[in-house]
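Presented sequentially are two complexes of subunit A, the first with subunit B as partner and the second with subunit C.
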Partner chain A sequence: MMLMEIKDLTVSYGGIKALRSLNIAFEEKSIVSIIGANGAGKSTLLNTIMNLVPAESGEIFFQGKRISDIKSHELIKLGISLVPEGRMLFSHLTVRDNLHLGAYAFFRTLGKKEVRKRAERVYELFPILKERRDQIAGTLSGGQQQMLAIGRALMADPRLLMLDEPSMGLAPMLVKDIFNVIKHLNSQSMSILLIEQNARAALKMSHYAFVLESGRLASQGTGASLLNDEKIKKAYLGG
Partner chain B sequence: MQITNRRIFLAFFTLVLVFPFFLEGSYALSIATFAGINSLIAIGLCILMGYAGQVSLGQAGFYGIGAYVSAILSINFGLPVVLSFFMAAAASAISAVVLAIPALRLKGHYLAVATLGFGEIIYVIINEWGPGGPSGFGDIPKFNLFGYVFNTPLSYYFLIWITLMLVMAFSINLINSRFGRALRSMHDSEIASNAMGVDVPTLKIKVFVLSAVYAAFGGAFYAHYVTFISPSSFSLFQSVLVLMMVVVGGITSLWGAIAGAIIITLLPEILREFKEYDILVYGLILISSLLFFNKGLVPIIIERLKKGYKGT
Partner chain C sequence: MSVFLQFLFSGLTIGAVYAMVGLGFNIIYNATSIINLAQGEFVVIGGLLMWLFSESMKLPFLISALLAILFTGLIGLLMERLTIRPVKKKDLLLMIMITIAVSIVLRGLLMFKFGKDPYTYNPFTEGDPINIYGAYIQQQTLWVIGITSLCIILMYLFFNKTMLGKAMKACAVDPTAARITGINVERMVMISFVMSAMMGAVAGIAVTPITLMEYDRGPMLAVKGFCAAIMGGLGRGRGSVIGGFIIGILESLTAGYIHSGAKDAVALIIMLIILFFRPAGIFGSKTIIDLRRF
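Up next is the complex of A and B:
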């Protein structure tokens, strides 16, 4: 069974179609990336999966269950976590509070102890966050903020982690670190849906990728095959 | 409750208990009582605005509902005052749900205008259909509990300020709970808190209801203290006053709400010396406090204290 299946998805903002009859499906435990130019509909896709943007038509299935009508705040309980574009940290709260909010939906079922344990696991992944746990999130550096945004999403212990442009505005070294963390999470059998402007880096580590062009699916294939595709090379990888 | 908060709390509580014995005459006590009533409304608005990030220019509406419903129920229906108090809070809570559901879609200025409209509607209703119309009505029974009537200024002072301390303890705990964290997260990013599993629309309704209940208690306390109410006490001006209390004291601090309420209640009394120029001085003080202490009094004092500790 596919982990996620998107069938005939169309999304409009006013009269403008952001996604047109999009069909996407991918398997569990894979790294899947969506690449495309600005305005191709990449973020719209993630926001529609999260039900933050309403779909005009089409259906979305997660582990065989139709999720198109499930409210955003319920989706996290099904195992879908989003690291939104621009991180959207709770910038006036501390690092620790940000992490705890990541487990908000599970607080009753997990209890304080388990939430703390999960936070410890995030700290193991990003030791700098432990050092800064009492610091206000808005005062962290860009890279640390991205780590916190990922850490916050991990607090839900998701089956599918969706990341919207995690490399945005980061120095190349930090991008490498973040991508290594993504690979590490995947090696622990977490599925990853990644949106990236940095197409080459994304394709290199992806098992599978979809290319969007003005809301339509232009191409798809394994990361390696797309890296060698002449058209893709020209359009997205700088020749 | 955090340790620092606990210390401030104990110090403040002691001050509240000792304070009236240094006051001369019932007039000063009644000003202190009004300051307490205003604090109650201001704490509600502070949670709504400072923590949840929702704007309201209609708190006078909830305040008015609290006063009118409690007064009418106790006079016309002979309900015990305590019961009419809770009925007033319930009425206010219901009206907050009615207001919050359509207002949920609005943000910032639009929300401010919607809540302002709500306040005006309540004002018009009590002005047109309230007992006595624009001139209001009296003979509202004094607050009483288990047969004890709070009819002296000193007893009412203690009633208000002890209630306020209980509300404050509850509010501090609330802000530091999972609920409070969700409120603050919503303030920073609704999209992210939604994605984290916070039911943002429901949370907004809850926090509107909370602030409305606080304001309604304030209104009911007011009605059963003054024993006479008229629509003019619940006009837009009152909403703006409450907003000013929260802003002057520091919108991000519950203690700021109390400080602001005390300052804004006391200021007209202190400025009596300036006779006809009092309103000028009043305006000058408010404008300069917003210009020079734009974070609000309490947050600035805390910042200074922290710096002071580091300096030594």
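Up next is the complex of A and C:
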């Protein structure tokens, strides 16, 4: 069974169609990336999966269950977490509070102790966050904020982690660190859905990828096959 | 000196009420960016229901107070459910107008039930006023100030030390971010209305033995509480408390030294000055309003 199946998804903002009859499916435990130019509809796709943006038509299934009508704050309980474009941290709260709020939906079922344990696991992944746990999130550097945004999403212990341009605005060294973390998470059998401007880097680490063009699915294939595709090379990999 | 102190004490009493109304504004504003102009009605309802339960139905004091607070909270809940939640397009101006409409309806219902007469009941504790340097301070005034302080501390602890409070603040800062971390934003909005209604009721219950209460006190309380809230910068609890006391004291001094008819102008003048010098200071910038839309 596919982890996620998107059938005939169309999304509009006002009159403008951002996604047109999109069909996408991918398997569990893989790194899947979505590439495409600015405005192709990549963020819209993730936001629609998360039900932040309503679908005009079409259906979305997660582990065989139809999730199109499930509210955002419920989806996280099903195992879907989003690291949104622009990070969207609670910038006035501390690092620790941001992490704890990431597990807000689980406080009652897990209890405080388990939530702290999860935070410890995030700190292991990003030791700098532990050092700065009492710092206000808005005062962190860009890289640290991205780590915190990922950490916050991990607090829900998701099956599927969706990341919307996690490398945006980061120095190459940091980008590498972030990618390594993503690979590490995947090696622990977390499924990853990644949006990335740097198509080459994304395809290199992806098991599978989809290419969006003006809201349409233009191409799909394994990371390796798309890396060698002449058309993709020309359009997204700089020749 | 003693005359001045006397004015100061009465200013502190009424200031405490403005501070509580200001806090009520902030609770809802913090979770939704809505200015709830029916906030004053919550105070009136609290006081009048307290009279209804304790004087008319002769229920014991604590039970009356509890019922009055709970019922007012219920009205806050109904207000959110019936007038805020159903609105599809969460336009800020529209929402504020809805709260004005609600305040008018509530006032109508209050007049229908209680008429136009003022109501009062016995102070919480019997006993002579306390003499401080020749000025007299009523025991009920101490109750009002004590209860206000307690509410301020509880609010602070709630928003800064509990997960629920932090989640509520998170909703205001970024409702989308709150949603994706599993916070039920609609629920938080509802809780904010209930809490703020209950806060208003507490203020009404405490102050009615001093100031009496009638059905149409709401709008004036709302204006002054709102003024307190913007003096401190909307959304900042501490600021609105200080603002409330400043307005209360200035009003009382104006009434005492100038003319009692002039006291209501104080808050309006302060508000105009703020609007004049920092028009943006009231709502923050336009982009912040857009970001905070829920």
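By our rule, the second predicted complex is superposed on the first by the 239 of 239 C-alpha atoms of A that agree within 3 Å, B and C clash if a C-alpha of one lies under 4 Å from a C-alpha of the other, contacts with A are read in each partner's own complex, and residues count from 1 in each chain.
The rule we apply is simple: contacts are C-beta pairs under 8 Å (C-beta built on N, C-alpha and C of every residue); 3 or more make two chains touch, one makes a residue touch a chain.
Everything numeric in this text was worked out from a predicted model, so none of it was measured.
S.K.: Following superposition onto subunit A, is the placement of subunit B relative to subunit C best described as a clash or a fit?
M.R.: In the superposition, subunit B runs into subunit C.
S.K.: Would you check which partner chain A:L82 touches, where first means subunit B only, second means subunit C only, and both and neither mean what they say?
M.R.: Both partners, subunit B and subunit C.
S.K.: A:G151 in the overlay: touching subunit B, subunit C, both, or neither? Say first, second, both or neither.
M.R.: A:G151 contacts neither subunit B nor subunit C.
S.K.: Is A:M50 in contact with subunit B, with subunit C, with both, or with neither (first, second, both, neither)?
M.R.: A:M50: touches subunit B and subunit C.
S.K.: Which subunit A residues lie in the overlap of the subunit B contact set and the subunit C contact set?
M.R.: Dual-contact residues (subunit A): 50, 52, 71-74, 76-77, 81-82, 84, 88-93, 97, 100-102, 104-107, 152, 156.
S.K.: For the complex, give me every residue of subunit A touching subunit B.
M.R.: Its residues touching subunit B are 50, 52, 71-77, 81-82, 84, 88-93, 97, 100-102, 104-107, 152, 156.
S.K.: For subunit B, which residues count as touching subunit A in their complex?
M.R.: For this pair, the touching residues of subunit B are 178, 181-182, 184-185, 187-189, 191-200.
S.K.: Under the touch definition given earlier, write down the residues of subunit A that touch subunit C in their complex.
M.R.: Checking each residue of subunit A against subunit C gives 50, 52, 71-74, 76-77, 81-82, 84, 88-93, 97, 100-107, 152-153, 156.
S.K.: Touching subunit A in the complex: which residues of subunit C?
M.R.: 163, 166-167, 169-170, 173-174, 176-185
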